[in-house]
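Okay, got some structures for you below.
Next, two complexes with subunit A in common: one pairs it with subunit B, the other with subunit C.
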Partner chain A sequence: MLALAGRRLAGAVAICLGLTVVLFVLQHLSATDPVRVLVGPSASTAQVDAVRHQLGYDLPLYAQWWHYVTGAATGDLQTSLRTHRPVATDIAQFLPASIELALFSCLIAAVLALVLGIGTAGRWRGAAPLNTVLLAIASAPAFLLTLLGIMVFYRNLGWLPPTGRTSIADPPGGPTGLLTVDGLLTGRPDVTLDALRHLVMPAVCVALLPAIAVGRTLRSSLTTALESDHIRTAKAKGLSRRAILLHHGLRNSATTPLSMAGLQLGSVFASLVVVETVFAWPGLGLYISQSIPTSDFPAIAGTTLLLAVAYVAVNTAVDITQAVLDPRLAR
Partner chain B sequence: MPPEDRRDPARSPSTGPDSAILSGPGSAILSGPDSPILSVQDLHVTFRRPRRPDAYALRGVDLTIGRGEIAGLVGESGSGKSVLASCVLGLLPEHPAPVVTGRVLVKGVDMLTSPETRRRAVRRLDLGSVFQDPMSSLDPTMRVGRQVVEAAGSAEEAVRLLTAAGIPDAESRMRVYPHELSGGLRQRVMIAMAVAGNPALIVADEPTTALDVTVQAQILRLLRRLRDDFGCSVLLITHDLGVASQVCDRLVVLYGGRLAETGPTTPMLSEPRHPYTASLLRSRISLTSDVARPLPTMPGEPPRPTRPLPGCAFAPRCDLRTDDCEKAPPEPRPVPGEPGRLSACLRLDELAERPAEPGSASWPPNAVSGRGPLLTLRNVHQRFRVRGQGRHVRLSALSGVDLTVEAGESVAIVGESGSGKSTLLRAVAGLTPVSSGAIELGGDARPQIVFQDAGASLTPWLSVATLLGERLSRLRLSKAETRRHIARTLTLVGLGDDVLHAKPGALSGGQRQRVAMARAIIDPPELLLCDEPTSALDASRAAGVLNQIGELRRELGMTVLFVTHDLGAARVVADRIAVMYLGRVVEIGPADAVVGSPAHPYTQALVSAIPEPGRAIAAPAGEAPDPLRPPSGCRFRTRCPAARAECASRAPAPVRLDAGHLVDCLLYEERTTAGSAAS
Partner chain C sequence: MTAILTSTRASGRLAGGLSRLNGGLVAVAVITLLAVLGPLVAPHTATEAAGVPFTPPGASALFGTDDVGHDVFSRVLYGLRLSWLSALAVVGVGMLIGLVAGVLAGLGPRWLDELLMRITDGFLAMPGALVAIAVVAAIGPSLEHTLIGVSVVWWPYYARIVRGEVRAIRSRPHVEAARLSGIGRLRVATHHVLPGTWSSLVVAASLDLGYVVLTLAGLSFLGLGAPPPAPELGAMATQGLSSILTAWWIPVFPGIGVAVLTFAANLSGDRLQAQSGRI
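Take a look at the complex of A and B:
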């Protein structure tokens, strides 16, 4: 298990290094000049050259890259060209909102996936139509879901707020940065409730696609598992349906849906950008979506790097969990 | 006909418990020491499948098992025996939808109509079950101990049961996962779960079919002992009359979803009173089969479950049939003068006086010519890198194999799982390059392999004509010639033109095996390699395949290398037998000598573990050790009854006993040195 984690860690470092190379090449190939963006269209050529030299943009590409990588290793992600603040500081400010949204989305996705997977597994009468409905939902893009949600639950029903994280003027500023948790920790349940009301719609919008993807994988592997010989043994022992499902069925069908869940993290990140933009959610998605039009390269690179690390970390955790769940893989 | 009037085996005077109290339909209360544990009455099971014809799995079966009785349910694949087992457990598959009539009472509870909670309680308390493949029947992700505790209730009880099932050091084995156990130990775990809670009846569905013959002998003995210790009844389902003969008090033979014959084991096997039982016995490949002529086979095919059977199911294949046999299914009736025996044959009286059939013409003399060796293996080693305990380790699958096969000769490689016999075959076929040593193939041998699972070795979406035709591309024949060639080959393996356009899925198991054979010989190779081609087939079909191989080698002068775990099949098909154990050939010699007077203690153990009617089996101790850690010196010493200290320190070299009979055992080394010193 330790060896597996070690191998994965080495792999993660290689992946991140490769990613920075790709980012640098892409930036170099793109027509926009970040220095020109920074100083504005009215600045003189001399001014531009001075700033370019000051920021190191006149160095050869490999030297710029080396400078960036060595800086990133110590936590320095350079300065945003748009906000003029260190990217690391920006990320620290926007990260908690995204983490809160992502965690809630994953929680909702996990519950939904379990319910859908177990509900449609086996061959009961309603399984096939339910499956078709799910497929239809899964084919709707995230922006459509968000707009639909706002129209129905805000404009028509008025149940949920349309944008933002909270409507409370003085939310607590710590200690975790997650409003739902901080509200409880600081003894202000109204903050938690308000944050939850704001969370529901964006979180569901992010959660639906991965939930259906994972749920459908769970359905097929659970259906196969429930027809296997050892389930027959469990039935012959006289175990209850519940015990068979919980102790034998789910564990033996967990590996494929877990892999799918790890891979779906990518789609979660992608829909975070869309959903945060639509719901004006002050998170990393909003940050990166504002950085892209201004060619704010350090901001884009820093955020991308962070997401890549998260992606590799989660998928490594998936691999280790699989080895724990199925002892035959651990060998 | 009301159920009370059924001729029920339990009601004939001598089969254990008599006079089952069966009141009218609906009464499910049966108690008292004499009531049967299991009572199956007029059971019909039909599977309704969408857009496909109905499948009649059981067409009216009556069966009773008394307290402490071991009943053997015998039949070929498709006879309905496994469906009957599912009915007893109340676990019929829900898809395709079964239509069930009749009654299945376990200690008085109807396992077909009772509410699920009731049936579950019966499964938990009164029934135990053992299935064929212990690897897939145990949950691979749960520790063995927890799985046993699920049935046993407590850890102490689980340890007690595992010990009773013959698992050494049960306490520590509770912590392992199924894949860390050997096949025999896994099946013992299944048995420990089956006897948990002192069930009244254990349903064992082919419990030894997936096991090696020496382990099978141990498990069969264990089943008998558990019956004696726990007093439970056993319904043993098997396709092998030999296995049934070893443990069963009574046999129930099914054919085409109906009862053919039932009665006490010994008289039934010595004097069958149903033509089907008789031909089942005749076509059984045993250590005493006559090898001078083709094995007797059953003509025709067993009935397909989709066909309605208005008359006797066996009539189309029966040489005693009359017009009456085709009119109505014969009711099982008592065999006169033999209490407890029933036979569903109209002419059962004539069966007793039938003279023994004259055997078929003997084989023409063998074609082992002086053409010299076709295949020579010199000191062949095969090592694989495998992952074990988190790191790579070297597995020696073959450790120094020498073998010479003359052109036109047939040699069988016999061994249990892990002996390296299939590795050897793959190396000869050139599928895996050997690590060291030499394999020399003479001439233009172009070896062809026939695999064990013929169904899986044929591409499912290609027709038989395409599958056979593509092997002829080398010859660049015209279309008409190709067609002629295919037709001739199909005739050679005993198939008609009607299968030409069929896909493998539409063929029966026996037909698929013949197509696989036809594919191997259509462009006749000099060397035919067979990897257990008969082990997935019923006895009568296996005999057909062995006859086929015998015919082909005599007609086409083919050399055959035949890998099998079955000494009986090896003796029939081969001139010489090589016995392998853990990657080494331990004994090689003429087939009759190896089987008739085995020299190596391992070969002796193999021969005496084969279940044959009328002969008690002997089970050697233990199982083959982990091939990753073979014992020092002689590899069999850990299980050898004659092992001495010397065996651990020195690997035996081959000793010549007779012409061509070699054995690797220190016992004989001494004897020959002593003999040569004297002379």
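Take a look at the complex of A and C:
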């Protein structure tokens, strides 16, 4: 068990190092010279060379890469070409909004996936049409969901605000950075309620695709599990449907949906970029999409690195959890 | 004799595999035909002024006109063709690289197998869409660069599938017989091993097509695609974003176009998987 965890962790570190190599190579393929942008177009060659030397861009490539990795490990993600601030500072400013949105999306996705998976498991008449309907919903691009959401819930019904994170002029600045939590901690329930109203639409738009992907996997593995011999024995013993499902079915069929859930974090991050752009949600996704038109590669690379490390960490944790659930996998 | 026997058996298996795949492949072919022929029924070209800007959907313009007077219906038809052919290109390139890498890993020396599989492991463990965004942002937005960026993160998946199939097939009797009868290694690889990898590769690829369409549309929505006024569905939605409250038809119809295309691809992939799983 511990050996497995050690192997997985070593693998995760290797993958993160590999990712820095990919990003580093991309940075050198990129047509924009970061030094030129930083010093401005009117700077003399001597000035450019001085800054290049100061930032270490004149070192051999492997030394530059090592500089990049050690920098990233200590929180230095280079300087943004657009905001002219350290990328790490920018990220720190945009991170809480993204964490709040991502957590809510994952919560909604998990609940939806469980309801879908458990509620529709087994062979029944409506299973095939339901499958097609789910496939249709999962085919909608994230930006279409956001547009339809704004049209229906803002323009037609007026229930939810269209953009932003809060409409309160002086939201609490701390301590967690998550407005829903801070509202409660600082004794201002109106902040929490307002933040929730802003959160619902973006979070559902992010959550639908992964929820359906995980729900369908859970449904098919539960359906298979419910047809196995030990379930028939449990039925013959007279156990309730609920007990059979929760104690005999769910645990045995959890591994595949779990790994699916880990992989879906990638689609959550990709949707975050689109959804935050449409809803003007001040998070990392908006930061990435604002950096694209200005070719601000350090900003894109730094954010990608952070999100990818989170992705690798979660999937490593999923691997280890699976081995706990199903000890055969640990061998 | 053995060679003749085994090769007919192999081609028999190939034919069986393909007939199994027919349903899904026919669906893909039909979507391709519709996507290619779609622009023929378009009343206007994608970039000509067709009417008064911001005309709502009606008799004169089925899906309305956009902010500069383009016919949205025509642009969506052109956009569907572009999206679908781009997705086919990404999957095709991914399959090709995957086939070569997978066969090299499965039949080549041990160190090559280790090297290629560590690389694919690394790619598969990264969030693909984000890395694709970074790739396109680095080499500069354009249609070709988007296709390159997405293909770069897509091939490892196919390489793994092919490699697994190759390792299973290479120890089968017909391959051994072919090798013993003195057939060269290359011919064994292309004629006796490769045909067996097709069916799982095609199933995986068809399940993927819808996701590729969605990913490409997302990148185009973020401005990482062909520059305007090219009829890209994602980019059209971005351009119409600011007028969502007054002229909803400009961003919504391109979005529905993406959804319909993805749904068609997902349905055929789903059927294909169900069929191949039953046998």
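Convention: the second predicted complex is superposed on the first by the 297 of 331 C-alpha atoms of A that agree within 3 Å, B and C clash if a C-alpha of one lies under 4 Å from a C-alpha of the other, contacts with A are read in each partner's own complex, and residues count from 1 in each chain.
As a convention for this text, contacts are C-beta pairs under 8 Å (C-beta built on N, C-alpha and C of every residue); 3 or more make two chains touch, one makes a residue touch a chain.
Treat the numbers as computed from the prediction; the structure is a model and nothing was measured.
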Q. Just subunit B (first), just subunit C (second), both, or neither: which does A:Ser240 touch?
A. first
Q) Is A:Leu29 contacted by the first partner subunit B, the second partner subunit C, both or neither? A) second
**Q.** Which partner reaches more residues of subunit A (counting touched residues only), subunit B or subunit C
**A.** C
Q. Does subunit B (first) or subunit C (second) touch A:Asp229, or do both, or does neither?
A. first
Q: Kindly classify A:Ala308 by the partners it touches after superposition: subunit B alone (first), subunit C alone (second), both, or neither?
A: second
Q | First (subunit B), second (subunit C), both or neither touched by A:Arg251 | A | first
Q) Is A:Pro141 touching the first partner subunit B, the second partner subunit C, both, or neither of them? A) second
Q. Okay, in this complex, where on subunit C does subunit A touch?
A. 121-122, 125-131, 133-135, 137-141, 210, 214-215, 217-218, 221-224, 234, 237-238, 241, 244-245, 248, 251-252, 255-256, 258-260, 262-263, 266-267, 270
Q. For subunit B, which residues count as touching subunit A in their complex?
A. 89, 91, 94-95, 120-125, 127-129, 131, 133, 136-142, 150-151, 177, 179, 190, 193, 203, 387-390
Q: Can you check the complex and tell me which residues of subunit A touch subunit C?
A: 11-12, 14-15, 18-19, 22-23, 26-27, 29-31, 131-132, 135-136, 138-144, 147-148, 150-151, 155, 265-267, 269-271, 273-274, 277-278, 288-289, 291-293, 295, 297, 300-301, 304, 307-308, 311-312, 315
Q: Write out the stretch or stretches of subunit A touching subunit B in their complex.
A: 3, 123, 228-230, 232-240, 243, 247-248, 251-252, 325-328, 331
